[in-house]
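Each of the two complexes below includes chain A, the first together with chain B, the second together with chain C.
For the complex of A and B:
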């Protein structure tokens, strides 16, 4: 994919599409001028794909909006220039900009649903692009739209044209937005986190589509993402941004193999690469926090968090990027004064090894658990036929066990029933069949209000969105205190308070957070409070529902590490619910793969990540972007969407998308659960011997075979 | 869609039936006092009352009388007005028509004024126009109709002497007499609708699909007309439909003040004079309008909003 464009190597002679020079962008607020982006320079050659990567608040989206000249009334460019094909966009009139927008420069957005007008048909929204920019008839424009919709591989473009956005799935909506961008064959496409809101397998399809498009249309692209793995899969050159400035840039291979800036090293050490292991090579979070724009230090912005900080050198003055000698074609630049002195081998990902947690006795046993939701069908047809109630099978015969101190991950895409299972386990819903034995008691049908305090406190949850789970009008201390009192951990007032302080210590927050209100906390700190709250009643089991998916890379790493540390110390069973297989691989001892309410495969992490695979697991593994250029993957792109749980396919639930379908049996009969080895089960019609012949999806080279090892 | 309309209409009929039963029980049975006393007055003798009951069929069982009443209502026979000594229909329809004229002109002014100002100020949140509209809107809405009626009378009738002080229309229909009542109603209500429109428009203008439309290179005019308006008008539409309902009871004060011979004044008259048949008819009309506009608002909302229409 990376060779799809000619890149900067031989493109130096061609006229660049876009040239940003010393760009400075500020926002004006009541507090005064806030510089969001400082001295940003970027050149995009024809056909080249540029990646901009960084955490939230680093200014990457601001750059995209500045290129579109859409800054809102409180933002403005304070210095530098943006030249598009030689013309300075900052000096253009509104009319001139209109001619460029949508025809020469197009943009693809993070949330496809919000970016499409909900009350206009797709056809109206697509047709107006060519009709505005070109002098063509409606019929010609329509023909063009249909062609582009076929190019973005939407089945049945005529139906899509006639639909309203809400009638399409998330993946289809994003394809429509991409089609909208491509309609007038732009020379530059801006993609702002185009797959963040989508499921993994859908994301893989979109990423492949974007790569194919740049090859087919020769469009230059600027791809903005927080995900290093996606950048590696899509881009030719990458810019790493930190606190409003670029800290490192270079060709993908060079930067990913030999990162030079301490922040880039830090980022790689924060993401769960295939080489990371929670015991042998844990994640290494970056200490400290991203400085707010008006709190940036003099000199290097990264200095307060950097291990290589040298007083008098790094904090003397602001300094420019330096060229990294070596591979000339790489155009590798770094904004660090000490990059020559740093031993970059020492900076490679992987922290100090730790002892593995002991696994104890079985503490959760799920047997044939099922949860059906009755749904009322309100159509006229249902009214007349009398079939007004239908069952949605959110969970169908779930079987698995979890032991003390073990981490069990439930993996699946949205709508697979993983959250429903968590709800039943917590007692927020009651199961409709089967058993869930926790500490020997069947709790499947006991609602949370009927459970004893002991049962409730021993089963706690860490929620996905830390921003909404804390009561904004109570102090942190009061919220944790209440839990401690309610579960009767401590009775005496002083003892309760001491316990809250200890919990704050446990989640590595200063004790004076006791008096703070949630709005004074950052996302990562709120999630730590969420963890403290969950562990307040000494739970034997904690359910973590996507606990880090809303957090930035470096914050997520810190929270992940914290969670594993506490778990190890308390020998808690952790039920980790996630869609992200790389985090799961890092954290979990055992994995349960779910699809449409059923378990497709379950086994130890090692068993899941090596053949035999269930075909769905195989596709999931292939879909995960990996930020390691030396790891090779087999490409399996799934077609279509996850079917609705309201109307699941008969037979195997995965049969509608399965690339390995063997015949009619897949569509008529629910597959048997086959035991591949001890505690490793695969639910598929294909014989195990056949599945064993499959090659491994992710190949990680041995350490001594790596380029880096030289 | 068809299911929805059928269900809404069915619900509307059901509501009206329930209300009619309540009305009947309250006004036409002994539940809230003897109807004969109500009609003949407290000084009528027991014999006179008995004769009246016999003549008007009040000695039949309640259920029979109720169905009889509903049946004649449905076929257009609204009974005889006690006060006017005439069939209710003859009294009611001209009055309703007068109120419809008043309502029509009120809405003919409120809708364009509040939509235009609401949209313009929603387009540029925080602009001078936006802030002045907010202040004006709060000011006019918080002054009750009887107060503004007095105020406008003192200015235009007694001060400037431009307009007549009453709107009795005694010498045939005179549009000049309509100006003051319409003015009072418009001033009271436009601020509310305008502020709802403004809020809706301001919200739409910050939506991401507006950004998409701008970054497609569309002209600002197209962005507003094609992309913003359609979404921004969904909420005000419902509000406007509900104002029709408000108007029916809101006009009582205005019609009474200006001696305008409309529906509101008639309703007041009927209830002050214990005119049971007239009161029943007026109440049923009010209920029908309330439920009818609600149903239309629901159906219209569904048509305007494709997310509900195709779900």
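For the complex of A and C:
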């Protein structure tokens, strides 16, 4: 049907490692056969890294599973072939496949903690690989394991070998899993979202490692991700999938600079690129939803959501991919009948500009806020010194302010204390010291049960996990109604109901969702209900704890836009907690960067994103994957892991990983907070003048300097 | 923006519609259907015993009749008679009323106590959890039979006391299950949402947490009903059940066991009745679990 992937950009001299041709994969369920992937063709050359990008449900993981021939009992290949080094895998026996898996083809999964057996030492799990597939002695196998562990840049491989998985951090575990994949020197490595579960700075290290592997081992890789930025940093060629089929493919540079398919355009308009701005160039969500496999339309699957849909053409029949003329080496293909007619400049990211929100008076003032958790120290040393109780400093002297209508982001990696702060603010925990003044009242030490109804209703929260935020046992209507009644917004039964209906309108969901149960909703819809519930009591301040991190890019864009719209309308203060600096840069007016319970830097978004930087901010900025090939970044990869809050470094908390450490003072003294400009503070021993000399981390070319501009 | 899907009538329906819908789901598990059929059969027998039973269960007619033997006045003893000459079929029918009356009531009582304890222990944690868990540990450390003998010995043999004894012995086990479920559920964001709007602890436990624990609890309740039936049988057998002469399956086994070698039908018939009913509940539980796992 299509011959798109055949013939590679780099000469097609060597035999391809993997060739999928017209692959069709279906799942069999109670509802009948569900075609998960249709007409998938792909060729992987030796040493090449292929990226597969798409939103959940587009079939990208199914492709990986099919390549491994590991479909489970209800999946099957209904057409096409998968040739690995010229042999058809679909016709191989179970024994032959077992020989291939783990030795010729290795797979790395999303969650490192789930890929390693918690009850076996790392050495046992690693040694198994070469000893099963090759006839070598234990000593040789051990030597090989140590070598590979060094190659994945794990410090002290001998110690790692003897550890149990739980003794390693998430990043170290993922490195062990990658080492396990590399042990038998496979020709093909499948990586299914290998960094999604990791922190950004750790992710940056793994991404660099993955890029180095193909250079060092010559391993071909298939990298599956929903993150366009990561794909850009790791891959040579990219496949964009939508609803079970490839809609566009080509070499990275070509596809990222000149996307041709309306869906690819849509994806780029949904991610907060450095050029996006919540007022001047907002995100532009893709209308509609991904069709379910049995509801796919005839013709182009993207047609119902496409601006360029033409009746009689796009919905006539299913059509193959077309080659895009131009750069021959790019091998750029697109599944669109109208790509020549579309004005691709018009499709560039950035929606219609709108007026900036007005910023009012100060409504939240945090002064020297502290939250300590007491823990019992049962070590021998504690027994002798008599210090049996220790304090874990989850928050140490936090200072910042938020104004009405403003968006303040708290950024930091896991364990930095941002969620603890949210808990104290909401009253689920009480602070140990300092003040949190909200509307003039200090609420740091008032638990939620002791707060007045008005205090509670003025502070509401949007939660992270859409699958957890709504109670599966109650209808949507009942759950929003509860808030309306509880805070006494409306008393009369009919009025309460009317208010819920209005809220459903506000979050752009149909009114008959009132009767639905959460399980009938998609992740994005649940998150909208979560927002409706948070705004039901007319709060003056809403805390959003990573509200879009679990959502697909197009859904996340819609939810982000919804949140800003409602905020603008109600002049609500938004406290946005996130680890993702690209979303934060887009949304926030002010940013607070936290590390191990302390604020390292705070200031306006522009101040944070340009020098002077705190060294940690600098590393965080460098770690953000940006899906724009013309944006250049300075590479700063941090060593090591975030230290445990139980045992923080003395002196500056960042001293153990800081690339700009100036000497012993960093390890002994807590750095002073220096004022760089108005309301911009940096907590570092390095003089501000030194920090000012630092170069910009992210360089965004001017619009007229861009290749695209021509 | 969202997909418009039509809502079926059941979305709007009340508890009855939903119960019927769940029952329709059960049709997909034939094991569950067999279990349900057995339970429905015995329930019908119990309900219509006064009309269905051919003879008075306590009437002494003719001792040691074999199954199918003809009695005076043209009656047939389909399952024979016992050592006192009472019709076994009629006694089984009347006896099913005892079991099917006390077993569900005892189970519901045990569940009410167990759930309340489990919710408090799991949600509050800390000292409350410690106290409740240790109490249940103490109760669970006794062999159940000894517990029954102690409790019934202390308060005397009667219907209400059977319920008390069963509640006392099973509530700790139920508490442990509920506590485990609550420990998981209380960390969900919707519980945090309820906390941040200042809802009371009991409201959070009963409205936000408990409904989400119902799946595993319903399966467990079916299994436990089976055990309670055994228990009631055992209590009858030990002479701690309902006082004679009213028919009680466990009591029937006890009264006739010494003659079981000569007249096996007198002991066998009530035994078959007990096991079939327990089997019914176990199969139903298996079916429910199968359906729960599938979704």
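Throughout what follows, the second predicted complex is superposed on the first by the 691 of 710 C-alpha atoms of A that agree within 3 Å, B and C clash if a C-alpha of one lies under 4 Å from a C-alpha of the other, contacts with A are read in each partner's own complex, and residues count from 1 in each chain.
One rule holds in what follows: contacts are C-beta pairs under 8 Å (C-beta built on N, C-alpha and C of every residue); 3 or more make two chains touch, one makes a residue touch a chain.
Just so you know, these numbers come straight off a predicted model, no measurement behind them.
Asks: Assess the superposed three-chain arrangement around chain A: do chain B and chain C clash, or do they fit?
Replies: Once both complexes are aligned on chain A, chain B and chain C fit side by side.
Asks: With both complexes overlaid on chain A, does A:111 touch chain B (first), chain C (second), both or neither?
Replies: It touches chain B, and chain C stays clear.
Asks: Determine how wide the angle is at the CA centre of chain A between the CA centres of chain C and chain B, giving a multiple of 10 degrees.
Replies: 30
Asks: Which partner does A:508 contact after superposing on A: first (chain B), second (chain C), both, neither?
Replies: Only chain C is touched by A:508; chain B is not.
Asks: Once chain A of both complexes is superposed, is A:119 in touch with chain B (first), chain C (second), both, or neither?
Replies: First partner only, chain B.
Asks: If we overlay the two complexes on their shared chain A, which of chain B and chain C does A:86 touch? Say first, second, both or neither.
Replies: A:86: touches no partner chain.
Asks: Per the contact definition in the header, classify A:663: touching chain B only (first), chain C only (second), both, or neither.
Replies: A:663: touches no partner chain.
Asks: Classify the contacts of A:70 with the two partner chains as first (chain B alone), second (chain C alone), both, or neither.
Replies: first
Asks: Pick out the closest CA atoms of chain B and chain C after fitting on chain A and give their distance in Å.
Replies: Across the overlay, chain B reaches chain C at a minimum of 5 Å between C-alpha atoms.
Asks: For the complex, give me every residue of chain C touching chain A.
Replies: Per the stated touch rule, the residues are 1-4, 7, 11-12, 188-190, 192-193, 195-199, 207-208, 211-212, 214.
Asks: Where on chain B is chain A touching in the complex?
Replies: 2-3, 207-209, 211-219, 222, 226-227, 230-231, 234, 304-307, 310-311
Asks: With touch defined as at the start, can you tell me which chain A residues reach chain C in the complex?
Replies: Checking each residue of chain A against chain C gives 287-289, 426-428, 448-449, 451, 453, 456-457, 459-461, 463-465, 468-474, 479, 482-483, 486-487, 508-510, 512-513, 515-516, 525, 533, 537, 558.
Asks: Mind pulling up the chain A residues that touch chain B in the complex?
Replies: So the residues of chain A in touch with chain B come to 68, 70, 97-103, 106-107, 109, 111, 114-120, 124, 128-129, 132-133, 164, 166-167, 177, 180, 378-380, 383.
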